[in-house]
Amino acid sequence: GGGDNGGDNGEAAQGVEGGGTVSAYNCEPQFLVPGNSTEVCGSWVLDSLFTGLVQTDLDTNEPMPGVAESWDTEDNQTWTFTLGEDWTFHDGEEITAQTFVDTYNWVIDPDNAQQSANFFDNFVGYQEVVDGDAEEMEGVRAVDDYTLEIELTEPFSPLPDMLTYTAFYPMPSVAYEDIDAFEQAPVGNGRYMMDGEWEHDVQIAVERFDDWAGEDPGLPQRIEWRMYTDIETAYLDVQSGNLDILDSAPPNRRATVESDFGENYADFDTSSFTYMGLPLYQEEFQDVDVRHALSMAIDRQAIIDAIFDGAQTPAANIIPPALSDAGEGNCEYCDYDPEAAAELYEEAGGPTDLTIYFNSGAGHEEWVEAVSNQWQQNLGIENVTFESLDFAQYLALHDEQEITGPYRLGWSLSYPSAQYAMEPIYSTGASSNYADYSNEEFDDLINEANAETDPDTAAEMYTEAEAILLEDMPVIPMWFSNYLVVHSDRVDGDSIFMDQATYTHLEDVVVTEE
Amino acid sequence: MSLSAPAAADPFADKKSVLQVDGLVKHFPITQGIVFQRKVGAVKAVDGVSFNLREGETLGIVGESGCGKSTLAKLLMRLEEPDAGSVKFRGEDFLSVKGDELRRLRRKIQIIFQDPYTSLNPRMSVGDIIAEPFKLHPEEKPKQGIRNRVKELLDLVGLNPEHINRYPHQFSGGQRQRIGIARGLALNPDVIICDEPVSALDVSVQAQVMNLLDDLQKQFGLSYIFIAHDLSVVRHISDRVGVMYLGKLAELGTQDEIYNVPAHPYTQALLSAVPLPDPTLRGEREQIVLQGDPPNPANPPSGCRFRTRCWKATEICATEEPELISRGRITQAAACHHAAPNERVAPAHG
Amino acid sequence: MTRYIIRRLLQFIPVIVISTLLVYALVFAMPGDPIRALAGDRPMSDAVRETLREQYNLDDPFFVQYAKYLWGIITAGDFGTTFNGRPVTELITQRLPVTATLALVTFVIQSIMGIIAGILAALYRDRFFDRFVQVATVTMVALPTLVIAFLMQLVFGLNLGLFPIAGINDGLISYILPALAMASVSTGILARLVRSELLDSLSSDYVRTATAKGMKRSRVVTRHGLRNSLIPAVTFIGADLASMMAGSIVVETIFNLPGLGEQVYRSIQGQEGTVVVGIVTLFVIFFVLINLIVDVLYGLLDPRIRYE
Amino acid sequence: MTESQTSTRTAPGTRPGDAPLLEVKDLQVEFRTKAGVAQAINGLNFTLHAGETLAILGESGSGKSVTAQTIMGILDMPPGRIAGGEIRYRGDDLLTMKEEARRELRGGKIAMIFQDALSALNPVMPVGWQIAEMFRIHRGMKRKEARAKAVEMMLRVGIPAAEERAGDFPHQFSGGMRQRIMIAMAIALDPDVLIADEPTTALDVTVQAQVMRLLKDLQTEFNMGLILITHDLGVVADVADKIAVMYSGRVMEAADVYEIYGKPGHPYTRGLLSSIPRIDDEGGRLRAIPGLPPSLTDLPSGCPFNPRCEFATDRCRTERPELRLVAEGHLSACHYAEEVYAGTATTTQRPSPTGTGMIPVSKEAPE
Amino acid sequence: MSEMHKAEARTEPIDSQLESSGKAKKKTEEASLLADAWRSLRKNPWFIISAVLLLLFLSMAVFPSLFTNTDPRECLLARSRQDPSAEFWFGTDVQGCDYYSRVIYGARNSIAVGFIVAIGTFIIAVLLGLVAGYFGGWVDAVISRLTDMVFAVPYILGALVLLNALQAFQAQGVREVAFVLIIFMWPTMTRLMRGSVISVVNSDFVMAARALGAGPITIMRRHILPNSLGPVIGYATVFTGIIIGAEATLTFLGVGLQLPAISWGLQLSDARQYLQTSPHLLLFPVIFVGLTVFAFMTMGDAVRDALDPKSKK
């Protein structure tokens, strides 16, 4: 992350001298090694500890320079990155092109079992390393100290976007010596550096790194992430002033947030997408009309109003509207139309019994029930059973393709790219394609778009691909989440910003009171 | 009455033995410490008691309070497991039987507990308490129906049969004792061990109960072990009397022998202390007052256990434990080196 | 008694072996792939997955897994690690104090409040206080712990500002609200147990004797009546202490206490067998000890109770 | 080594004009039972003077223990209820007294030995502790000191190895020892009034004599009034000054000990005396009063003893005889007290003799 | 005193005397602890109140349609979370269903789970507790260590695996949930029972029964059981309420009753989120659960009192 957003608000409020300390809600990270962190809790922290080759411009969601000052490609397949020369790690180690080569090779080494390894799967030489046929990826080369070359197996225009992701952060050489020790206090190259070790389940504290080579350093002197196990509790703690920022207040709090916080809250649209998937490997759902009918029978706005206090944006897209690539008006079947739905369903002979799947304990019960009520009322479905399962079991069912009805899943963008919003979920055989959707036309369009060098044309192609999905409806789009951020009096509300990937940019927060 | 023991032949000599007790021992450990206890000694509650109870016979047991009578009774019932010794019921080893067999034998031996109240289940009505023996031993089910039989029993011991539905706590001490008696009688056992069965009864009811016991014995040839402190009562009911002191039998003989020619000094002291129901005799009797404190049952005196309080004690008493045998002129067995009839015997009432 | 205690301590061995085996088996039997769950709905490459499965012996048959686990403990004192690489021993040393403190504070609160309330309820039988305890118990039972905890945070933490809302940063004070929330139901039950047992023993003869000795009512009740009625209370407190260790999931989660209960729950969800087994072993030791203490207490409370 | 003990006939410690130590007037106690209200005490009267020994005799179940409990104020209420009457201690009515004031009297001034020693002792407290408690609470003694006193008391009532056994629990003692512990507890504070409810039933005669001597000593030393409830007429003859004979909740006869034994003025007393087994008796049947005591829920009209009385007439069945003077200092509640007193009463009926040695019918003769 | 010597002879047969008394007191004839208990229960107003309440809840569980005509599953999101009104007595829930009928229909699952589990654990606890406390020794060791282990095995883990074994992929019904709860909830009660058995097993009256030749079963049944049941009854009554809550926890963890089941437990746990905005969502199920617990508790008290012959009532 990063960007000039913080600068815009600089004059709005008088910050404390030196930047002050800000504390924020977080959940206990699973891992604090860039290549291994796949969830928000860890990535958010890593985001401040590390800076990748590329950063995202928060205003436009476009890539902007990070460690790399500039980059260049002819064919979207071979990319050359020119690195800035004064980047160092917090421990003083200099960052060169070789740093990235080493890091990337380390991440994909199966022995290191880094979970994000497969983000590299379109790098040339990746498979060889994974298969044990090679030590290093051919596709990543340090041309000289400050020139890095990346070669991909096929054209891939969103590469700069992708490189903003956690998995591509550089790691210092100390990391390889003892990765476990490193994880307790990662040494990065970001705006902030660890202050002490990771206090598991309690907090992670970072101090501003004053030698940061980037353009707009962090404002607060110190950031403390406090680990909470219950969001409600965090909410009360912000309310009582013990905590400065909670970036994901419980949705049902929207009704009282004004009385609880007055002005001290803000709403952000994000790329976090919720959908009802349909197991296309089951016969009942192979008829596209059934899928359309199911979609049309859902009154998204009503559910959002009743259950989320209006805090989600009804989805008529697959690509988050926060990205400029999202198409408009392409979704014919996302509007509530019970009569049409009923008719269609009747004609298509949709199933009269449904089993709905969702994972338990994550707060999905109510809206899933509401959806099921609407299906029952609008489509004449007689029997609905629910399967709420532990997440591990739930995924196992998916892997085994034993899901027999609509299922809830979500997707949020690790990096802001329309490609990432679609390809992993809908292209044939993709890793997260739980619906088992396959459409050649769609696959081709995505590939073409990935190869397209002109960003605008690529964007158009993505939008086209999205339209196919909306027509085929392998999943029923439900909504894009809206995050409610609440904060204490100690920070300036205008300085708080959450990006589409749901990271709140603490480095831009202005602390007004010590 | 003459001082010499009547040499009358033992009327029970030809009767079969019902209960043959041999060298019964029970020591209770004394411990110290709260959680981690260590054993620092043992109360020698019963320390080698032997006797033979025959059919139709009543053996009275008297003795100082705390000398082990109740413990003996419990041992005989196998409510405590003895440390040594044997008990034979009609020739059968009572100490080794188990399970159903034990239960069958227990039907034949009944006990009336010294403590009337705690031995009654507070949540059972008197009717249920007395009916319990019949329920436990269905083969004994009375012809006239359990309930009627229970009422009869209540009546027998002088309780109002209408109180059949009452609970133990609603009775007076003496009434509770009679509930225990009625329960003990219910099964018509062969042996009844009575641990102070009449101590809480007024003399009139006591008379009723003793007459009842007497009648039962005459009719069915029951045997009793009758533990009591009231020496008149013991004399009245017993054929033979055993005198216990500190876990051992001090003297064992027929009722006449013991009461008329007591040979053990302790027996003599005991008899001399019997209060007589006649105020005019107040202070006129001569009473042997035992000197010294009762000895510690955990650490009894060497030799004869009574020697520390005995006026006849000599050196031999300290070194050699006297056996329970008859000596010299006396016919009964007495565990005293100096066993001899004493001039001072129980004064007769006027 | 000493021998009894030693014998009881020896029972640790089979109990631990059986229960760890059992728990291990249960975790093993859980459906789904823990490594899969670790990654969430994001894709994980097969290579990574395999490495991890191998690293955590997940591909071995059950008994091999268990044997490797035991072997690790025996040879290297290695209780395994979590899937994110933290040693179980470290996890436990960090979390045990939290749970233990919580349990202890709860235990103190509930024992004191429960017994006192029980005594008062018995003394003022059918009067206001008795009814109050009854109604309070009913309410506490009817309200889920979640709600009670939340209300406490709201009232004592936020509105009155008496106690911290969450976390363990303020020392013992931070444990008071969670302990209250945990104790609420048990206190009521305890009060009722004490009350009814006390009423029973107050009608016994020896209590009358104490009165006849001229003792004050309060002394009669607390010194003579109470002791005889404490066996159920002690049993219950013991059992409750046991379930507290394991059952503090909800409270630990809400009050953000990094304790064992919450960890066990998370590890179960993540199917981290070693963690679960490690913690459960600790629990078992704890329960056997607690129950031993309770049994020893029986003997102290009532000398008639003898263990060979 | 023997010692003969002679006790002189001391006159009861009554000085005219003195308020009696304890006075029970027209006491009525009833119990609620399922079968109705049981009148355990109906109209009980007696007085006790300092230094005096009053023996209460009576049928088992006639209300002796209930009387004692009522005086101590430890009757279980409910189901018990004091329906009327007063109990005066040195002139103050105990029944209307403040609870706190009454508590002060209990144990210290008025003490009681319970009939059932095992259930009356706290099973979970060491006996030494239970005795020491008296000293600690009433005398404010320290733990150690009180314990030493307790051991001393145990020795006084003849418990061997008292020092070692003070820490034992009631169930570890024999019946007689428990009884003596009760006694030790009751006399610990040298009370003014001691109610001894069958204090020596579980004691052998030598210990009994020792205990009675101890009580006597206390009595002379502290001018204690002793209410001795017992069935042992030998003991009564030995120690009592006055005797009250109770029957179904009332005093039937009250007089000097010599009067009662010599010239009983009530048929019930006569019956009682004739039931005593004698030490020189060798066997044969004992004489018992025939019949059962009346049910307390359903008392007979007139004299409660009438169904069992051999002298009963119609008058006895209708009219309740009041306690009246038959001779000097001799009260009796019988219409024919004078005749009975003089030994001239005539037998009028043979009362139904249930409960007197009825032989069980169901037993087959043993093999 | 010679004239009295004759008084021993008996004249009348005993039976006549018995008969006359028998007739007079016919109604008090058969009495056992149970019969007595029943008699005094009938007179106890608290018993009546609790019995009526329980009957009410039971009929609610069995015939919910007697109490409401509204279909609890007829939900309109448009009227979500309305406050109580004349139309919706208890307001509406999040889904916009009539909360009154939801609460009424919730009785079935909740009471069923509460009942089955309370009774199931009670039976197990009483049996195991009796046996462990009475026999002591290795029997006790085995049972007690078993309780330790069950205590130690986190019930979520057990529930997950067990329910899975019970074909968890089908909807989890009352039976399965009750089963799992019983399996994991019996130890506390068992320990309570064992404790009170241990404290009566040394009583003299037990010894007396043994002397009469009573076997272990008889002694346990007739002597120990009635004298040791008190604490367990006391606990079991409150326990019913706890179970209703535990059922909700299971659901929360994904192993309990599943949607679209209606139960008080589910309502309670859902309501937490709306504590401040729509307190009625919490209030009504709490009242119902509370009343149920109250009824059980009062009934337990009444039964205990009735079973205690010394009771002052």
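Observations
Just so it is clear, A, B, C, D and E label the chains in written order, and each chain counts residues from 1 on its own.
Throughout what follows, contacts are C-beta pairs under 8 Å (C-beta built on N, C-alpha and C of every residue); 3 or more make two chains touch, one makes a residue touch a chain.
For each chain, UniProt lists the protein as follows: B, D = Oligopeptide/dipeptide ABC transporter ATP-binding protein.
None of these values were measured; they are calculated from a predicted model.
Separation of chain A from chain B in touch steps, taking the shortest path, is 2. Minimum number of contact steps separating chain C from chain E: 1. Under the touch definition stated at the top, chain B and chain C share these contacting partners: D, E. Between the chain pairs A-C and A-E, more C-beta pairs are in contact across A-C. Distance from the centre of chain B peaks at A, each centre being the average of the chain's Cα atoms. With centres set at the average Cα position, the gap from chain B to chain E is 48 Å. A separation of 92 Å divides the Cα centre of chain A from that of chain D. The centroid of the Cα atoms in chain C and the matching centroid in chain D are 55 Å apart.
Counting partners per residue, chain D has 34-35, 76, 116, 118-119, 271, 273, 285, 287-289, 354, 356-358 as the residues that reach two or more other chains. Shown for chain B are the residues in touch with two or more other chains, namely 115, 117-118, 152, 155, 162, 165, 170, 211. Among all residues of chain E, those that touch two or more other chains are 8, 14, 17, 25, 28, 31, 36, 160, 164, 204, 253, 308, 310, 312. On the chain B side of its complex with chain E, the touching residues are 74, 77, 79, 99-100, 102-107, 110-111, 113, 115, 118-125, 127-128, 132-133, 135-137, 147-148, 151-152, 155, 161-162, 164-165, 167, 169-170, 180, 183, 187, 211.
Against chain E, in their complex, chain C makes its touches with residues 8, 11, 14-15, 18-19, 22-23, 26-27, 29-31, 134-135, 137-139, 141-147, 150-151, 185, 188-189, 192-193, 196-197, 200, 203, 231-232, 234-236, 238-240, 242-243, 246, 249-250, 264-265, 268, 276, 280, 283-284, 287-288, 291, 294, 298, 302, 304-308. Chain A meets chain E in the complex at residues 250, 252, 255-256, 299, 302-303, 305-307, 359-361, 365-366, 368-370, 372-374, 384-390, 393. Across the interface of their complex, chain D is touched by residues 203-206, 208-217, 219, 223-224, 227-228, 301-304 of chain C. The touching residues of chain E, when paired with chain B in their complex, are 8, 14, 17-18, 21-22, 25, 28-29, 31-33, 36, 203-205, 207-215, 218, 222-223, 226-227, 307-310.
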